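Chain naming follows the written order as A, B, C, D and E, and within any one chain the residues start at number 1.
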Amino acid sequence: MTDLTTQPVRNPSADRSIDAARARRRIHPWRVVVGILLALVTVQIAVFLVTNERFDWPVVGEYLFNPSVLMGLGMSIMLTIVGMVLGSLLGTALAAGQLAEFAPLRWACIVFVGVFRGVPPLVQLIFWYNLAYLLPRLAVGVPFGPELFSWPTNDLITPLTAAIIGLSLHEAAYMAEIIRAGILSVDSGQRDAAAAMGFSRWHSFTRVVLPQAMRVIIPPTGSQVIALLKGTSLVSVIAMGDLLHSVQVIYNRTYEVVPMLLVAVIWYLVVVTALTLVQRRVERHFSKGMSRAAVARRVVERTEAVA
Amino acid sequence: MTGQNTSVTPVLQVVGVRKEYGDNVALDGVDFEVHAQEVVAVLGPSGSGKSTLVRCIDQLESIEGGAMYLDGELLGYERHRDGIRPLTDADVKRQQRRMGMVFQQFNLFPHWTVLRNITEAPIKVHGVPAGEAKARALELLNRVGLADKADAHPRQLSGGQQQRVAIARAVATNPRILLFDEPTSSLDPELVDEVLQVMKDLAESGMTMIVVTHELDFARHVADRCVFMADGQVIEDRPSTEFFDAPRSTRLRTFLTRTAATPAREVGA
Amino acid sequence: SSSSTPDSEPAETDAATEAPLYDQLPDAIKEAGVIKIAGDTHPPYRTIEEGGEITGIDPDLQAALSEQLGVPFEIITSSGLDAMLTGMLSGRFDAFNGPVRTTPEREADFDAVVWMTTRTSYVYLAERADELGDPEALCGARVAGVTGSVTESQLARYNEWCAAEGLDPAEFIGLEDSNATFLAVNSDRADYAGTTQSAAIDLQASDPDTYEFIIQSDEQGAGVDQLAMFMPKGNGLAEPMLAAFEAIFENGEYERIMTEWGIEDAAVDAPTLNPMTSE
Amino acid sequence: MTDLTTQPVRNPSADRSIDAARARRRIHPWRVVVGILLALVTVQIAVFLVTNERFDWPVVGEYLFNPSVLMGLGMSIMLTIVGMVLGSLLGTALAAGQLAEFAPLRWACIVFVGVFRGVPPLVQLIFWYNLAYLLPRLAVGVPFGPELFSWPTNDLITPLTAAIIGLSLHEAAYMAEIIRAGILSVDSGQRDAAAAMGFSRWHSFTRVVLPQAMRVIIPPTGSQVIALLKGTSLVSVIAMGDLLHSVQVIYNRTYEVVPMLLVAVIWYLVVVTALTLVQRRVERHFSKGMSRAAVARRVVERTEAVA
Amino acid sequence: MTGQNTSVTPVLQVVGVRKEYGDNVALDGVDFEVHAQEVVAVLGPSGSGKSTLVRCIDQLESIEGGAMYLDGELLGYERHRDGIRPLTDADVKRQQRRMGMVFQQFNLFPHWTVLRNITEAPIKVHGVPAGEAKARALELLNRVGLADKADAHPRQLSGGQQQRVAIARAVATNPRILLFDEPTSSLDPELVDEVLQVMKDLAESGMTMIVVTHELDFARHVADRCVFMADGQVIEDRPSTEFFDAPRSTRLRTFLTRTAATPAREVGA
């Protein structure tokens, strides 16, 4: 072959020494730079966190497991769970209502979602807590007719119920939008098939549509839970103590703001990390049967390789 | 009950049915009947209203005019004073349960196993005991050649397998009539025959069926009668052999020659 | 403390040199030409008027102090104690005049110039005057107050008195700000809203028929809490500030302001620096 | 036909009088009930809002267009826009970083998102505003080496920059998750095709992947914008006035809490409604070419009819 | 430059290429060459590594061993000291631009018109003036019979039309070699022929092509050489006629008989 032409032999098939298996790694200059920069930044942040006396780590340690902090944390988590459960239930109903055939119901749900999405939760909390100012007694009765029962508003609405009502309604409005998007993502053929088999609307919605919508519903719901967890700090306006409030009470007394805020941040990060892990598991659960496992794996791997 | 007078009362009767989507008239006075154990093929160009017709029969869409009867019972409406009024939801469901439907896109429930896809309706809707429903489902799966796929999820099956499961699911509730909307037209060609074979077996076992299809061979050899639709109307409705060998209208004639010239399947437009 | 830029001059050179205490000011303040004070809107200490200017006891007091110090004050409104405290530590603000109670813990990081005591007042709805008008009525009642404020510690002292009288203690409902406490009284969440005497006067003035209040007396533990202006330790402002206070006590400005706002019974005889830790 | 059998004639084809076109409307009892209930509730709410003197509508009217309220509104909107723009840009970078091949970069982005998703924005605002407490001078220089430039922190970080930094970083963390989900929703074949045609990574990401991801990104982003709009109220802790703060200042002076909160609520609802309308238009824009218009229309219509 | 020695230096040379996915060896020492104007068909059972091979050639996947050369130039690596090291991203892109690829799923960009799909790479990557690129795109669309679809969006086209656009897109940058990965196997059967016809025209116009396919007829009549792969290895590599008429290995023989018996297309598994 070598003597066929005067040009240098470019056909390198003989050169078996060229083999990707023995290739050196290329040093990517920008990767080295970025890597070093990231390492330096990490070290600097660590040094800054550890050595800066103003963070007052001993104080952080002292208060991290302080009973009132833990109680505040418990209250935050409890309100988040209750708000999320009630919000999701009501949100599901509102999502279904927004897609309902019956126009007055549909409009009522759309307006409800619009209003509670727009009103700041702080204002809502103040409103519910002080409902008695506007409406001293809550009555059940014939509208514009006689009252059947009535109670003093303040007996029904304690700070806790006010907090739960306010946060749940707010969550419900956001969850309604998330769930509606999920429902719309389910192929209409699924509903057709369920109807054709004579499933009741309830059966079709709860067993066919919702489980398939979950894949789309879960990720934004995760963010929503985290936002609610942090949003529980608003309840301090109505005489309730959550995590942030419990550290505020302490630093209002001691004036040690920075270490106490660190205590709160540490707990928030712990809970958020735990939540994120749970979310990943739930996501995996609901993607069962929705794709062939192998296909999903490939997509992810390629994405990582190309991005 | 219907056994006695099958020769008299058709299983399904469609009388002057109209369906409109806004200004668009999808069905414009459709009349036809299906008798017990009859297989009726519905043919026609795209947009002629074939899907709309079977969806209306199965009450997935409401109708704007005319009437339909299943075993002589008015579908979707009830007599009320001197006229009629829509049925309640629950009554519509009860009527839907007496029909079975197989869709072009299969529409299996992807989050359930094949077995649950088939047994859900018998157990939850018809109140069949779980064990019995399961035994029957396995028997049906066996009949469609998928006995070993009971525990698979639908997305793990090929298109032809999915469609056979969908047929088993529709049959599992012992419907009076089975409706098929182009059951083979989203299948890869090699998979078509296995599904058509299952449908042929069903026809031979005496199932009453309406089949919207582009498979002329199937229509000719399996269907008792063929209905040709165009522009939302029934143009011809005749026994299969006459239909193919002596089409009356020019529209049907051009349809048959055009469809026979290109392969029997439509572009997946 | 930090490097000085030679060409930057104090804002009001003329006034500055004439003022008696200007020379005592730390360089940083002289250089800035202004004393920055953090404050929330808290009538009658600081009220933000329609046009944005701030009126109230605090501005009046500052006007008097600034005559002594030779630099003007500037109030920067900020709504959280957390932000105001860290703001002082980070050098954003030179001082903070809540006024808030001084405690040994607080004096650890901050210098406190005490210039008044507190008379907590308990506001109630005029329509319930028969029921709530006398001091004993407060024992066993529901009292709303701002969490962590003086009111909370004052109510604790009031409760000691209740106990001595053989009455039930009042229940404290901690809320975010004084408006929330007034709203709580209106919605019958609380019987009384505990607040500073001056705030109670201001509220009643705004709506004379609606509210009445009772004042906590010395017997009930009033006057024990000492309210102060706070400055971060080490910014050098505490000494001249104390001197300025002493000067306005002397020239009668202090008394004039306290009287004008109707809180002469909360006045102290002389300002003190860090009373909790200096003894 | 009638004489073929002794049974009653069940074949009704002769009875052409039965025609769906002449069917009466069915009165659905529950619909009537729900309709009446909704109407009553609507009327009652309207009556309650109008007649309850404690809402003090004249005061609401007086302050609705008050200059300081409008300035607060302007500040809220400005912060929302700036926070959202910066947050989206940084969030896009973080989303891409979270999917990057280069592990240190990927980890840095994941940690960054985790931390800023978990830290309450209030704490962040306080932190950035008072950075000078922890770090009196900001320096650019060789890490652990000599400083090249340095400035007093408080000169660089004004309340406005602190607010923008805090809100943007918080938004960035949330947007990163939203955008990441959007990117993952784009078929990997699209990236393959772009790579095969020799598009640079940048070109492939910005022109091919992102535009297609938009369909999935927009709806949660809408909720995020609304949440941010309401979240701007936090900036009042750091000496900035937003809409909520501006009404608080007024009621701190006038003690008219309820009508002033109503003023804020009305403005929030106005802005949220406007945003929702914009969102719908943007959604339509980005679904161009992603489906045949007719198909999309059908899905929605059927959904509405069946749900 | 390469014009002089086309007979000597192959356009593409694959030498002992290995590709692993974790423990799974997808390519296990693949050797073969493609000369200018040659059409090489790659056949083999599912999972034999055909897609992996073309993806590695187009550098959509990295290789773990061996080497590949385009016009004698090492692909993906450069000489460095006494060994080799990976190219920079930019250099890889430069090499990718000299090849064209047509995917099984078409992978057109759905948010752009057909015209922009074709002109984007010439204009933005190769720096061709917009007017020129557009004229060439319209000419190519004309050649594939879609001149009237320039302003349509891909989803408005049938599968066959989409694949023809994808081919036009790949050709628009004048690649040295075109790679096809089962270009017809996600098409409805009626659409296959139109795509195969376009590919045949391309082959006749002298384009160098590697075609992974299950279309035995196409391989036999259009390809110059056929490569049979199994388990990540090349089992046979022979001129088409020999390949079909005198297969050497038993594996190829069974493959050919089995594939010929069932329709030429694979199940869309």
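We take it that a residue touches a chain if its C-beta (ideal position, glycine included) is under 8 Å from a C-beta of that chain, and two chains touch if they have at least 3 such contacts.
Heads up on the chains, UniProt names are A, D = Amino acid ABC transporter permease; B, E = Amino acid ABC transporter ATP-binding protein.
Note that the coordinates shown come from a computational prediction; the quantities given were computed from them, not determined experimentally.
Enquirer: How short can a chain-to-chain path be from chain B to chain D, counted in steps between touching chains?
Expert: 1
Enquirer: Name, by label, each chain that touches both members of the pair chain C and chain D.
Expert: A
Enquirer: Among D-E, A-E or A-B, which chain pair copies the contacts of B-D, with over half of them the same by residue number?
Expert: The pair repeating the interface of B-D is A-E.
Enquirer: Can you work out the whole-Å distance between the CA centroids of chain A and chain D?
Expert: One centre to the other, that is 14 Å.
Enquirer: How many angstrom lie between the CA centroids of chain C and chain E, rounded to a whole number?
Expert: 81
Enquirer: Could you work out how far the Cα centre of chain A sits from that of chain E, in whole Å?
Expert: Computed value for the inter-centroid distance: 45 Å.
Enquirer: When you check chain B against every other chain, which residues touch at least two of them?
Expert: There are none in chain B.
Enquirer: At least two partner chains per residue is the criterion; list those residues in chain D.
Expert: 122, 126, 133-134, 187, 192, 195, 257-258
Enquirer: So which bits of chain C are touching at least two other chains?
Expert: Expected reply: 82, 86, 89, 183.
Enquirer: Under the touch definition given earlier, write down the residues of chain D that touch chain C in their complex.
Expert: Within the complex, chain D touches chain C at residues 68, 122, 125-126, 129-134, 136, 152-154, 236-239, 241, 245, 248-249, 251-255, 257-258.
Enquirer: Taking the touch rule as given, give the residues of chain A at its contact with chain D in the complex, in rising order.
Expert: 31, 34-35, 38-40, 42-44, 48, 52, 54-55, 96, 99-102, 104-105, 108, 114-115, 117-123, 126-127, 133-135, 143, 174, 177-178, 181, 183-184, 188, 191-192, 195, 205, 219-220, 222-223, 226-227, 230, 233, 244, 257-258, 261, 264-265, 268-269, 271-273, 276, 298-300, 302-307
Enquirer: Could you please specify the touching residues of chain D with respect to chain E in the complex?
Expert: Residues 187, 189-190, 192-201, 203, 207-208, 211-212, 288-292 of chain D touch chain E in their complex.
Enquirer: So in the complex, the part of chain E that touches chain D is made up of which residues?
Expert: 55, 58-60, 89-90, 93-94, 96-97, 99-101, 103, 105, 107-112, 120-121, 124-125, 153-156, 169-170, 173
Enquirer: Can you list the chain E residues touching chain A in their complex?
Expert: Per the stated touch rule, the residues are 4-5, 7-10, 13, 15-18, 33, 62-67, 69, 72, 74, 76-77, 80-81, 83-88.
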